[in-house]
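Next come the structures, one after another.
Next come two complexes, and both contain chain A; in the first it sits with chain B, in the second with chain C.
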Partner chain A sequence: MAPSTKAQWAQPPSKEELERRNTVNINKETVTNTVSTDFPGHFPGEDHAFSIDRFQSGFDITFHQNDQFHASFSLVGIDASLANAFRRILIAEIPTLAIENVFITNNTSVIQDEVLAHRLGLIPFKGGREGLRNFLRFKKGEDAQDYDTVQLDLNVTCTVNTDASPNETDPLKAYHNAHVYAKDITFTPQGRQEQYFSGEDAIVPVNPDILIAKMRPRQTIELSMYMNLGVGSDHSKFSPVATASYRLMPTIKITKPIIGADAQKFANCFPEGVIGLEKVSKKEAGQRGSGYEGHAGELKAVVVDPMRDTVSRECLRHEEFEGKVQLGRRRDHFIFSVESTGQWDSDELFLEAVKKLKQKCKKLEDQVDNMVR
Partner chain B sequence: MPGRTKKDEPTAQDTNMEDAPPSAQPEAEEVDTEDQEEVQEEEEIEPQRVRILPGSTDTAASFEFVDEGHTVGNALRYIIMKNPDVEFCAYSIPHPSEPKMNLRIQTYDGLAVDALKKGLADLQDICDVVTDEFTTKKDQFNAEHGIVR
Partner chain C sequence: MSREGYQVPTASAGSGAVARGSTGMQDTRSSIMSYLCGDCGGSVHLGKDSTVACPHCAGRVLYKERTKRMVQFEAR
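Presenting the complex of A and B:
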């Protein structure tokens, strides 16, 4: 029989106990209490069984920033295994379009064919949303189709600029096309691509100023490129994110008063804005056992914004703060940062990652149903 | 009781051996002409990627997932461990150069397969909750900060 049958004598855990369980302690040389314990049977008499209502009531998202290509938000009340699944999917499993094959007809520049091809592959592109999401599909087999392959060309030759003064030393002025940039790549729509990728929706590099190669007069690059959909687990050029990471919310607990010059020194141990200085009020100073007796009007250290902390542990190196501060991190508070390379919007990417995880589970569910037993 | 594994209803009648398919897989439609087979291939029949490893019993089973990794493995392990009927659950990737993930489930009560099914269903529910919450909070934030896209 499962041991989670509720015991009559069980006391619900106190607020302090819940906070203790939810905090990863960061000590001078060690980290402690690192493992989640919210499983049935871990604490006698407590019910930790999963229910979607319980999850829903404990779950919360807060947005900190939502730029097109950089979103930052907190997921609170979720386990690391799930937050990590979202992060991993963001990096490795959301399909994007990137250059996969390069056919070089002529390359007399100093950059070698294979290096040039690799550089081209890493350039992020953007294009019409509808076309990228719903029209394009993964390439299967050898033959290229309008729905799985996008063709690009790059044809540049460096020539002498006859208008420039003969003493000109800047190659950009003395020659035409001395630098080859991503904006020199041209897109040729094939078949139905015309409908999806024309005008503003054309396939173009996200950043037109990426330098591809440098040339001198009479050098030339002539090549065509073929783009396919792919995923980051195959090659990182297919990853839709530049970075997708999370960190746990830092906690700083001042357990004994830090007053006066020490308070200033304490604040200097942290990044700006994490620790504030407040005057000790008369009321606090009058309270016996508070540690503030007779310090009315002096400055004390208070925690203002622990989210900005980098958890450097600097404050633990100083003797005067020993036993006065406890650093930690909240186990179930994930501060995500999703930086897109440009093909997707960052907030859209996270939703896509959640969708992808659901899809994977759905597929596996069918697989389990079909499993031979 | 909330959170408990759903138990499959016991099957009412025995199946005649001739009628019983070799697996629970939906039977392929009876088209065997070669050109039609090619058309079928394009429709993508997913290969079977999950199997029970030998030595498994009803309440203690190991499953092998092909082409799955830590992403699903760890999430599934967590959610299955949250099931009070489960005594033990763990996953491993036996060798990094094989695209395989093994999942072990031992239950106090009920079938290991049912615990796995419940885990997969719970994960999908979580995804729905996360999507809803994310969308509402995003819209709220965008409205407050005048972000229009």
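Presenting the complex of A and C:
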């Protein structure tokens, strides 16, 4: 009698099985295997309980790009629930400073008071980090204090430029202040704000050339503005990011050789740099059952950089590639893209999101403790 | 610092009867209103019975002036 082998389910999962579980299949008309299964009790005999050690050993962050206005990085080995929590916190829960109240003394421009106020509210501002982070607080009471309110002013009048030729048709040359820009906004430090927001650290628009209004001679705008801290869930003008998003890492598996003219056509189905063309080596051509027999020296399609793929599924529309390619996405590989509006740096914002989630967890922990007590 | 002639009437105790159509002490001043001419943009002062026309260009479209008070808006 042969020695009794363990039942198949009692063996640890094979590499292929793990890859299968970790891949979202992208087929011609359907998307399958979308749900993650790495939780306790799903696979008999496997322990999928969350532990910090297991998370740490499987987790990895790689930066692809890190500029002030755009950071792109990969989080590998994390569940969608956490990755999505970071995304949502980035958009809606990190406080920023924005114009909240506009006091208009005079506005004879063609743009209406309320529209003007709305436009002003959407302008992103920057200032000293120390002051923004540690000095400013959320506004609580009715009265404005130096630690919760920042005052800005905008006083512009359009006048005729007497130096310009009378035939001048460009309003920017014919008149002074024909265009009102964000750079025309002036900042008046109040109280202790002088310490935190002076010189380099003054509160100024991130983009000085944002057009606020257009005017003609004798039209005038005279107003002052109060800025407060706020969060994106209250109004998107408080959102520190222009956008924060992620996508799953695409996978492209060429299951049967694609050779010759087909290879070129296959490469054209993808964005540039995703698929490369390589010569079939003599060794491959000599190998029986490889599919390359007698094709030595011809070009074959190879996957070079699946991250650049947009997963358009174009290659699945062509008959000649049927059964030769399997598209998918890695379930636990999130490619984040964070675009800051300029008040904070993009990478800083992600760290801030992690901090925020940690704070929330601490709060929940306290509440659970109280519940048990 | 009142920037406009208009004062909110306060009903002072004792004097229950306030004459209608009269603002009392500012009678003559408040009956002259300032408008902006729609044609030439000039300022036009009109009394109670004067014809609605601009003295500079005879334009008959007059606009009411914007309040000189500060107006508050939410930037939303």
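By definition in this document, the second predicted complex is superposed on the first by the 361 of 373 C-alpha atoms of A that agree within 3 Å, B and C clash if a C-alpha of one lies under 4 Å from a C-alpha of the other, contacts with A are read in each partner's own complex, and residues count from 1 in each chain.
We take it that a residue touches a chain if its C-beta (ideal position, glycine included) is under 8 Å from a C-beta of that chain, and two chains touch if they have at least 3 such contacts.
The shown structure was predicted, so the numbers you read here are calculated from the model rather than taken from an experiment.
Annotation: superposed three-chain arrangement on chain A; chain B versus chain C shows no clash, the two fitting side by side. When both complexes are overlaid on chain A, the residue A:F103 reaches chain C alone and has no touch with chain B. Once the two complexes are overlaid on the shared chain, A:P271 sits clear of chain B and of chain C alike.
Of the two partner chains placed by superposition, only chain C is touched by A:K237; chain B is not. After overlaying the two complexes on the shared chain, residue contacts for A:A117 are found with chain C alone; chain B is out of touch. By the touch criterion defined above, A:Q367 lies against chain B but remains apart from chain C after alignment on the C-alpha atoms of chain A. Judged by the touch definition given at the top, the superposed model places A:G58 against neither chain B nor chain C.
In the superposition on chain A, A:P13 makes contact with neither chain B nor chain C. Residue by residue along chain A, chain B and chain C are tallied for touches, and B comes out ahead. With the two structures overlaid on their shared chain A, chain B and chain C come no closer than 20 Å at the level of C-alpha atoms. Shared contact residues of chain A, touching chain B in one structure and chain C in the other, are absent.
Chain C meets chain A in the complex at residues 41, 66, 68, 70-76. For chain B in complex with chain A, the touching residues are 1-4, 22-26, 46, 48-52, 63, 65, 68, 70-72, 74-75, 77-79, 81-85, 87, 108-109, 113, 116-117, 120-131, 133-135, 137-138, 140-142, 145, 147, 149. For chain A in complex with chain B, the touching residues are 1-4, 36, 38-41, 47-56, 59-63, 66, 68, 73, 75, 78-79, 81-82, 84-86, 88-89, 92-93, 345, 347, 350-351, 354-355, 357-358, 360-373. For chain A in complex with chain C, the touching residues are 98-108, 113-114, 116-118, 120-122, 218, 225, 235, 237.
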